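Report on the structure given below.
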Amino acid sequence: MGSEGGQGRQETAAPAIELRGISKAFGPVQANRDISLAVARGTIHGIIGENGAGKSTLMSILYGFYRADSGEIFINGRRAEIHDSQDAIAAGIGMVFQHFKLVENFTVLENIILGAENGPLLRDSLADARRSLLTLAEEYELGVDPDARIEDLSVGHRQRVEILKALYRQADILILDEPTGVLTPSEADHLFRILRGLKEQGKTIILITHKLREIMDVTDTVSVMRRGEMLATVRTAETSPEDLAERMVGRKVLLQVDKRPASPGETVLKVENLKVVDEDGVARLKGVSFDLRAGEILGIAGVAGNGQSELLEVLGGYRPATGRITLNGHDLPLDGRLANGRARRAAGIAHVPEDRQSEGLVMEFAAWENIAFGYHHDPAYQKNALFMDNAAIQADTEGKMQRFDVRPPDPRLQAKSFSGGNQQKIVLAREIERNPDLLLVGQPTRGVDIGAIEFIHQRLIELRDAGKAILLVSVELEEIMSLADRIAVMFDGRIMGERLPADTDERDLGLLMAGVSNGANDGGEAA
Amino acid sequence: MEKMPRWADVALIPLINLALAFFFAGLVVLAIGENPFDMVRFMVKGALGSSNGIGYTLYYATNFIFTGLAFSVAMHARLFNIGGEGQAALGGLGTAVVLLAVPWPHWTVALPFAVLGAALFGAAWAAIPAWLQARRGSHIVITTIMFNFIGAALMIYLLNGILKKPGQQAAETRHFGDAVHLPTFHEMLAPLGIEFSKSAPANVSFILAILAAVCVWLLIWRTRIGYEIRAFGNSESATAYAGISAVRVTIIAMLISGGLAGMMAINVVMGESERLILNFTEGAGFMGIAVSLMGRNHPVGIVLAGLLFGMLNQGGFELLWEMPGISREMVFVIQALIIIFTGALVNMTRDPIERLFIRRNKGA
Amino acid sequence: MTLMQKFLGAAATLAISATAALAEPAIIFDLGGKFDKSFNQAAFEGATRWAEETGGSFREIELQSEAQREQALRRFAEAGNNPIVMAGFAFASALDEVARDFPDTKFVIIDMVVDQPNVRSVVFNEHEGSYIVGVAAAKASKTGTVGFIGGMDIPLIRKFACGYVQGVKATNPDATVIQNMTGTTPAAWNDPVKGAELTKAQIAKGADVIYAAAGGTGVGVLQAAADAGVYSIGVDSNQNYLHPGSVLTSMLKRVDVAVYNAFKDGPDLETGFNVMGLANGGLDYALDEHNAGIFTDDIKAAVEDAKAKIISGEIQVHDYMSDNSCPVE
């Protein structure tokens, strides 16, 4: 750490963090361009922007993962040279990542001292840590059992451990990267209470998120980033979600989905007492039953990891299950050779998987190869018995890319070269244009920028209005609330209850998501 | 993200690696008091300077192309088939069984069956590890390595037992007979009026190897199974979603891989020694790994890398011949250095060169 | 095609300019390498001795692969080297072809017969040498039980065993000979641990003289015998020095002499069948300071007697490889 010209400038007016002219390029891509930002001590500062806007790069520079090509960082008014995360920690910066960096089979205490042991003997460090842990827990509502193993903790608790880790290292500045993505609404509320408490103790907090509601709820000031540039920093009280969304995207955005009421037809999908036990013998689905009719969207809400993924996989044909599934009155095989993705497609089920990068697309494949993915047996794609007709697939791809506004519309580009939103459009184009009776959709807008979200939602509504059945799984409550005609909430492999969007609110759904059954007719039929 | 131009990726980097390899090999040669420039000169001249040298280069290259293709097909499915050596050995057994069992009238009749025998035996040897991987999750690296040993033991047993020509010392079968002698380059080119070394072992198998490369290209980039192999190799999780059977792809990719490795035997067993000799593979199965890596798992790259490694083998012999001060072990060291730089360390130079290109592009 | 022709034509010109005629002798070592402590090394020593004594020079090459056998032969022949010596039976088929193409070059192959007018095939009557050490073994044994440990089970080693048994039985018809082969793979040539195990087993059955015809495996045999205080017999080169007072003698197979003779005879060497036996010093038993104390005059007299009778033809030792069978067990 250098400290040139910093003597005597330790006055309260100096911002906790000040960035001046930070630029960073990866090859020809300018991830950050001349970014300046000042965050006052004892405030919560939000950074908002679409995927690829450069938020994560900026924070990685602050935490020493990348080195800026140019620009300076000042911590509490002193110029700081941050070469690695050790420097960042020494400067009082703590970071809580989206994907936790915890050792699963260590205890909370062991994780907290990991890398911060004072001396070769663990006993002293552990005793020290236990003392400060208790103090911290009391101060900030950060109660965690110090001796619990990480693998036994809930996601919300794990996140608290990450925060404790940072505080134990004397962090004054805490950076949280998309902290609520994995939390239930009540867990998120708890997190925000913690953050406010920390703020009152004089800590400075930087919150990176793409959720406008959180920004409005908890931050004091907010900065908007777009395409590597810092567009504006405003006081939260002086802005609105619509304003922020417009700044992020660069044009007016429809935050509410415009849709007519559903007019459901025949029952397309009937799921009865579906049970799944995974490879480790853990029950993932414990008797799920529901109906889905033509021309309606059934939204499955719930915190990630409560069986939604397994439900999609079973319906998609690549996870064995017991129970009964009928599609248009015909039984679908749930096990054995006939239960596979190809057979399900043939039966009229299309599937936009939750994870487009590891399931929906082959990232190394060109767009046209991905358009054939799963449909590569389609006779229209074959030249003869031996060879595929690559030219035909490319021509087909060009049309699909055009109709779904995929940019750039180049069928030969690798999937990984597209942005998240355009990747998702490729998957949607492939699946929706098959004109399926049933469309399975998992997390359709995860990691997708706001502009594309609007487009994707419209397409889903169009498909519904065309009389198709849609099963929508999403962890974004807002999305479920605005798209679904009916909402089912999953918790621990069961459906906790069903609601109509008009009859419910976030609080009600949040309770169901946390496993609190509060309605008379909830989940009864499955038993 | 913008990258360096394609020509740099496929041509410049291998050349830089080759230059680096010769530089370090040259240091070694210098250290033992010989002239490094002579080394390069003798190696290149030895490999390409005469039709005899070319004939040997092509002969070795044929082996490496087959085993390189074998490795690459499995690699496209992200299966690390280390078992080329054993599969090639079994391919030799298949060739020998076919050629010894029937009194073939002419090589043209015998060749298709010998190819079939070689490929079937090679594929069979890959089938068991493939099945274990697909159904039981036993790691293919471990099982194929183990099958190399089992294959070697089996060959020793057979060549010291029922396959051995009675009353002789060497562990080898009897000669297959002159009828199944494969035309050498000398015999193929003589009618065209081209003089080619009579003794060089390069034979019609080289053409077979080139054909195999074309077929592999078609298989990987033009057929459904090739599409499935590549999809599986790039994203195993996605193939389940798409309804592509991991078991089927694993087994088919390994069978093709093993079959190609086995076909190497056509060149050595049928083409050169005209009888099955113990340990005829001489590491070509392993060399295929380096060939395939250097060739970026692409048939064109593999043919080029196979030729380079063939040159290396033949050049090594000429080095022994021309520079008596360099021992056989020294030649191994030089060859190994070149293999390391051109095969294993491909990525070492790619990153800095890529950065160089990006900086230049930005400056422009 | 014309381009190809031009290219090859240019290549041929290059090749010619590199060739220069020399009449140096040459030697080709087999895949085992010239420092294999056995066959190839003995050949190398013979060549070196010739070079030291005559001040001449010779060319040599160590093979890396099977395909190089013919290549090396042709390269030496093309370069005008004469004679060209190769050690090992694996050269037979390559030599058969090359010898035809170079009728003016003389070739010498050791341990194998190649029937060409310009080839000298050097073979050793190992059965004779084994016979006389069998005599020594029977004389030295107190228990009446002796052992034989072979390397890889091939006809050549059976030839050793058969000659040995004949020598033992001729001296003591009641003697028992325990025979073991180390294995059926080339690894059997270099498995001293297994050699020692087999030796211990034979000692346990009463053997007190053990003959090892097993390459590197023999080192283990000799060691185990020395540890147990019984006698052993070495093979190929003189191994008496390894365990003085325990190695009774060594059956010497003079590969070095064969190479030395070939080089000395030069381009005019006599071709055809060249049998190395007791008579021409190609085989012998070793007597030096290391075994002087145990190789008694009694033993020596019996051995010399047998040797003389074999040379004179009075004793006919059966060659296992002549009919793949042995008259005695």
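For this structure, a couple of remarks:
The first chain written gets the first letter, and so on, giving A, B and C; residue counts start at 1 in each chain.
Quick note on the criterion: a contact is a pair of C-beta atoms (placed from the backbone, for glycine too) under 8 Å apart; a residue touches a chain by one contact, two chains touch by 3 or more.
Quick caveat, the model's predicted, so the values are computed rather than measured.
Most remote chain with respect to chain A, judged by CA-atom centres, is C.
Chain B has its Cα centroid nearest to the centroid of all protein Cα atoms in the structure.
With centres defined as mean CA coordinates, chain C is found 36 Å away from chain B. Taking each chain's centre as the mean of its C-alpha atoms, chain A lies 76 Å from chain C.
Centre-to-centre separation of chain A and chain B, using mean CA positions: 46 Å. Among the residues of chain B, none is found touching two or more other chains. By the touch rule above, chain B contacts chain C in their complex via residues 45, 48-54, 56, 59-60, 153, 156-157, 160-161, 166-171, 175, 192-196, 198-199, 201, 268, 272-273, 275, 277-280, 282, 313, 316-317, 320-321, 324, 327-328, 331-332. Residues of chain C touching chain B in their complex: 1, 4-5, 8-9, 11-12, 14-15, 18, 33, 59-68, 70-72, 74-75, 89-90, 92-93, 98, 101, 111-112, 153-156, 184-186, 321, 324. Residue ranges of chain B in contact with chain A, taken from their complex: 1-3, 218, 222-224, 227-228, 230-231, 234-235, 237-238, 240-245, 358, 361-362.
Within the complex formed with chain B, the residues of chain A that make contact are 25-29, 316-318, 340-345, 351, 353, 355, 358-365, 369, 372-374, 376-377, 382, 386-388, 390, 417.
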